[in-house]
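In structure tokens below, several structures.
Paired with subunit B in one complex and with subunit C in the other, subunit A is shared by the two complexes that follow.
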Partner chain A sequence: MSESTAETSASSRRLRASMLAVLVSFSLIAAACGGGSSDADSAVTADDETSEVTDSETTEAPAGTAAPSGPATHLVPDDFPTIQAAVDAAASGDLILIAPGTYNEAVDVETDDLVIRGVDRNTVILDGQFELENGIRILGADGVAVENMTAMNYTKNGFFWTSDITGYRGSYLTAIRNGDYGVYAFGARDGLLEHSYASGSPDAGFYIGQCFPCNAVIDDVISEYNGLGYSGTNSGGDLYIINSTWRFNRAGIVPNSGSYEGCAPERETTIVGNLVYGNSNPETAAIDAALLAMGNGIAVIGGIDNVVERNRVWDHDVAGIAVAPFPEDNPINRVPDEYPVDCLENAIPALPDDAASLPGTLFWEAKTNVVRGNVITDSRTADLIVVQSKEHGNRFCDNDVSSTLPSDLQTLAPCDGELLDLGGEAFVVFLRLIEETRPPSVDYQAVDLPDPGPQPTMPDAESAEPEPARKPAFPDTTSITVPDAPE
Partner chain B sequence: MLGVAALLSAVVVVFGLTEEDLPLFAANGETALVQAIDNAFAPVEQTIVAGTEMVWLNRGRNDHNIVPEDRDPTWLFEDDVFAPGDEVSYVFQTPGTYRYYCSIHGNLTTGMPGVVVVTAPS
Partner chain C sequence: MARQRLNVLTLLLVVALVASSCGGTGLGATDTDAVAASGDDEPQVLGRPIDPDEVSIDLPSEGPYQGSFQTFCGYSHSLQDDPIVSPGVPGVSHLHDFFGNVGIDATSDYETALADDSTCAIKQDTASYWTPAVFLDGVPIVPTQSLAYYRVADGVALEDVVPFPADLMMVAGNQSSTEPQDPTHAGWSCGNSPNITAEPTECAGSSVRLRLVFPDCWNGEDLRSLDNSHVARSGSSGCPDTHPVVMPELEFSVMYPPFDPRAEMRLASGSALTAHGDFWNAWNQDRLANEVARCLRRNVYC
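Take a look at the complex of A and B:
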């Protein structure tokens, strides 16, 4: 935009300049005399504060049903016509209970410990109509739980927690055809995403990024027809992805590292007991990273110390499970010498003077990951692929596979014992794959998505007590077995 | 230089003027950079001299936008979203404090806020 909007005539400019000179002189005199600005500023601030308090007291009288000492319940639309109005009127710990209907809203939440619940997951629908950005967005509020509803047709995200949050939960959520992520937790710790469904996002159906330790669990979700079923950039540390289904995405489960977010590298994610299949789908919307990872069931891309165990994985154009570096073009920072303690500080990109010394391509190496006890079939390149050398310490054992790259991978890189030379065959294949042209992204608004049908709804949604989100119980993954394939 | 800017700001507050009442300074050919990553501006606060071109470069993996605090701003980008790799810029010619945010990832105080402080040339 040009400065033309600020243009004024020459005469009025001269007049303003003259007035300004007079006013500057006056202010100098006033300041010298001890009068002027400080009192005036205080008065303005006080008036503003009074006005704000008055507004909040008068515009939305709390209409919820409040027990004398307990949380209130705010009904939408009976008490408040919109979800946002109910959220704005609620106090920490309150329940927002939403009746069936379609709500064309983008809701922002900045109050801790709210529970926002639909009465029926399949008929409480937030619809962005491809105009609104986010369905429900939690901004820096701890402990907010969102339950039992659908968000669809948002230009960015269906459900979104962001900005240094401790405590979040999404239960019985459906996210369909949203333009970025379905369910998105960024810079948030102590989270649980459960009993939920996401489809039709160009990025990930489910995403947890920029946190360590994340202290988070994804349990019993279905993610399909997305660019990525799961993506987690620079996340990890007591992060569990369990008992879920990842199918018909471009790629399935993809923990990854990159300099464009803080907290790098990705590390210590545990992936157990999942069904992962058909993630070679060329008919989805997809970001570039999804195109690059296309055809892989589980791909640990530049991640460290992850455990991939007892998953059932089949039908992939490239690999059932791949462990590979991430060659990041035009990075904005370096691979940290030590794992960052402060994720936000780590997110600061290199200063312009320093940026000139950054490499054109930054290699995030995948190191010391363990892939064990998985059942992998029908992979067109190989069931297991590792594109790292033995020095990176990745280990593979007890996997039921018919092909690996390099051959005899589980002998060369066992879970216990000496690591042997892995050769260069996988690197050759890797270089060929990343140069391959993939089917282009499909417009997320137009992509043909399956009808998921009615999804399981939350038990006793109308009567269950609100429970704000807290650090979840971590699963006993040793009790999780390889799931049976669906019939 | 900062003294001049502070004085001008004080004048604006005391006399209820708007930033449009302050003098314009011609473009000086200088540029300053703010990087938009996922999901923050870096630096969050950037101080420049009036006449400097402020450039926002998206170096993240998500779309971002620049929404001014003022509902009737004197500066505004015609394209509301800039994609990864893209940039937008604006020459600030009037001293003042310009707060903004990415509406996709936050608001003026939480998520992805930023501020440009424009000082008068010495």
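Take a look at the complex of A and C:
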């Protein structure tokens, strides 16, 4: 099906789909919006800082200056009463070490290479109390690592890196019941998110967006009871999602494209060795994109050159793995003729000169993706679904499946060899699914969430040297096999 | 618990100081600059001075800038009140839809406004935003929600941007217009589309959006004026000499459910050509200053 045919077929759905698409993009834009430190905290910090430094029994450098002998350690609350005060006093490379306790703070970070660490992941808790927006917000600072703590009940995000960042890391983080994302990296590259847990966000538990190449790895995380387990808009390029668990979200892993943010389209994300199951959960908070993608384990929506290999995927109302276009209504730009090769900026992409001639609906086609060697069971519509035509060059092979849409998909669109006509069967199903009414979002403040129990805490958190975030080592995905299902 | 109480007390103190320094004849340009630049005394309030040894930010010398902060604000209430045109006199205006601060009416004053709740995602945005109600076939329709998007206009320098003075009131658009307005000041679009027109177009079933861009230059003296002459718009060479204080550029949009294209649409103020809106800066001023310093002046997408 050509683009123009797709538009015609979809036109009857415009009334509904355009609403959804607008809401989707709107929600995504909203989610990119952040908050800041509580003014009350900030204000009190200014006074306390002086006295606390004076009273400090430690020997590190005074606020705002770098110790010549190397990174200093700032203790919260012993040296500084608030995390924000310690962050503002720290120099590049310093370690902020936070004692167990509940901190009703929203922390803004503007200094490069800080390491902000909790002594114990399960008892160092940042609580926004549904009044503050972000637990820790890193604003254009490079190399900041956040380790070993919990952020909950923020109106926006638990942990948020944004705006032209090179180097970020989140390790041993727990993010629960935050109003947009759990762990969120936007316009950032050279990142690692590892050994972490996110639940209860209406958007994604984990998100990496607007970067190419992203040079980022998500490894050993659990994302559950979110709208989306993973979402990444316009990201990719050495972006690896590996060895993680995505379960009981509305939809599991959803790379996607859109004109409303920079660096489009999404491409070159590698998704290997994950457990993906039960992502049809109607009892979560959910943005509209999550409602739209609901019931899919891994859904590549308008993405290009992604590799989805050796994941174990089961128990989904729609598809274990789906490859489909994204019809974006009222786009702010077109699909670019040339894809950006070095992109972090353009949070607000330049508008076209001829805005009046933009299409009402812009189709982001999912192209030349490879889906190989996955084990997929118990999908209520089909284990594999591709809603594109053969010209889009998506390929499927060695997947252990019992149903595909179109049927014989792995013969029609093999990894090697000629691509054959895929027919229109999947489009019919796709349009029906778009039409379907989904169980509405549940208020994120009120949704029932599982108690994850104590999560693994960082080894030697009190003594380990601070390591600012640098470009991570990329995994050798060829050595990753299909993981066993949990017992 | 002690910390919380201390925080509240400090907050009240800061608010009181800000409020008192901004009452009467208003906050002068010099004062505003001092507030924004007081790095040593109150670094946490306004962001730290940029130390090139510690931060990696390259600040562009001209726009377009990507720095911004933004908040969704739900629809709050509708009243035939206008705190700018008819302060203290309820029920004499055309019908307005209010967003943000939940307690605003014709009799509101700045101090009481600061204590109100907000429909915004940033709870400390207790500012008020209001627009004329939209009628379809004579029936007012309830907006879906609104978005307050704060950025810096292309022609001004980042380091010149200071927060809106506390208690400032201003208008975008012309409520008496009988001609198409400049759509970059007041116009309509379908959803996110950058195709902004003086009148709403057929949106094929998607949401209709009213888009207002407020003036970003202030005369440094008056917090309000009946003819909006206390504020002006920047151009390619920045703010005019008459209005030298550079403020954030606020784009305020209101989203409405899809219109039936066959229905007759009008605003409480007249035809769609009378699109306009009002902004009253009752933000928690300290929080506003934080976002201006950390996001706008540093060109950070927050």
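By definition in this document, the second predicted complex is superposed on the first by the 407 of 487 C-alpha atoms of A that agree within 3 Å, B and C clash if a C-alpha of one lies under 4 Å from a C-alpha of the other, contacts with A are read in each partner's own complex, and residues count from 1 in each chain.
Going forward, a contact is a pair of C-beta atoms (placed from the backbone, for glycine too) under 8 Å apart; a residue touches a chain by one contact, two chains touch by 3 or more.
These numbers come from a predicted model, not from an experiment.
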item: Touched partner set for A:I434, first subunit B, second subunit C, both or neither; value: neither
item: First (subunit B), second (subunit C), both or neither touched by A:G187; value: both
item: Residue contacts on subunit A - larger count, subunit B or subunit C; value: C
item: Which superposed partner A:C415 touches (first subunit B, second subunit C, both, neither); value: neither
item: Which of subunit B and subunit C A:A485 touches, first, second, both or neither; value: neither
item: Partner chain in contact with A:I287 - subunit B first, subunit C second, else both or neither; value: first
item: First (subunit B), second (subunit C), both or neither touched by A:D108; value: both
item: Common ground on subunit A, meaning residues reached by subunit C in one complex and by subunit B in the other; value: 16, 19, 23, 30, 36-37, 40-41, 108, 110, 133, 139-140, 156, 162-163, 186-187, 260, 330, 332, 347-348, 352
item: Partner subunit A, residues of subunit C touching it in the complex; value: 3-4, 6-8, 10-11, 13-14, 41-45, 47-48, 53-57, 64, 66-72, 121-124, 147, 151, 189-196, 203-207, 255, 258, 284, 286-287, 290-291, 294-295, 298-302
item: In the complex with subunit B, residue positions of subunit A that touch it; value: 1, 3, 5-6, 8, 16-17, 19-20, 23-24, 27-28, 30-31, 36-37, 40-41, 108, 110, 133-134, 139-140, 156, 162-163, 180, 186-187, 203, 209-210, 233, 258, 260-261, 287, 289, 330, 332, 344, 347-349, 352
item: Subunit A residues within the subunit C interface of the complex; value: 14-16, 18-19, 21-23, 25-26, 29-30, 32-47, 66, 81, 84-85, 88, 91-92, 104, 108, 110-112, 131-133, 137, 139-142, 155-156, 162-164, 166, 179, 186-187, 260, 329-333, 345-348, 350-352, 355-356, 358, 360
item: Residues of subunit B touching subunit A in the complex; value: 7-8, 10-11, 13-15, 17, 20-24, 33, 35, 37-40, 42-43, 59-63, 74-78, 90-91, 93-94, 103-107, 110-111
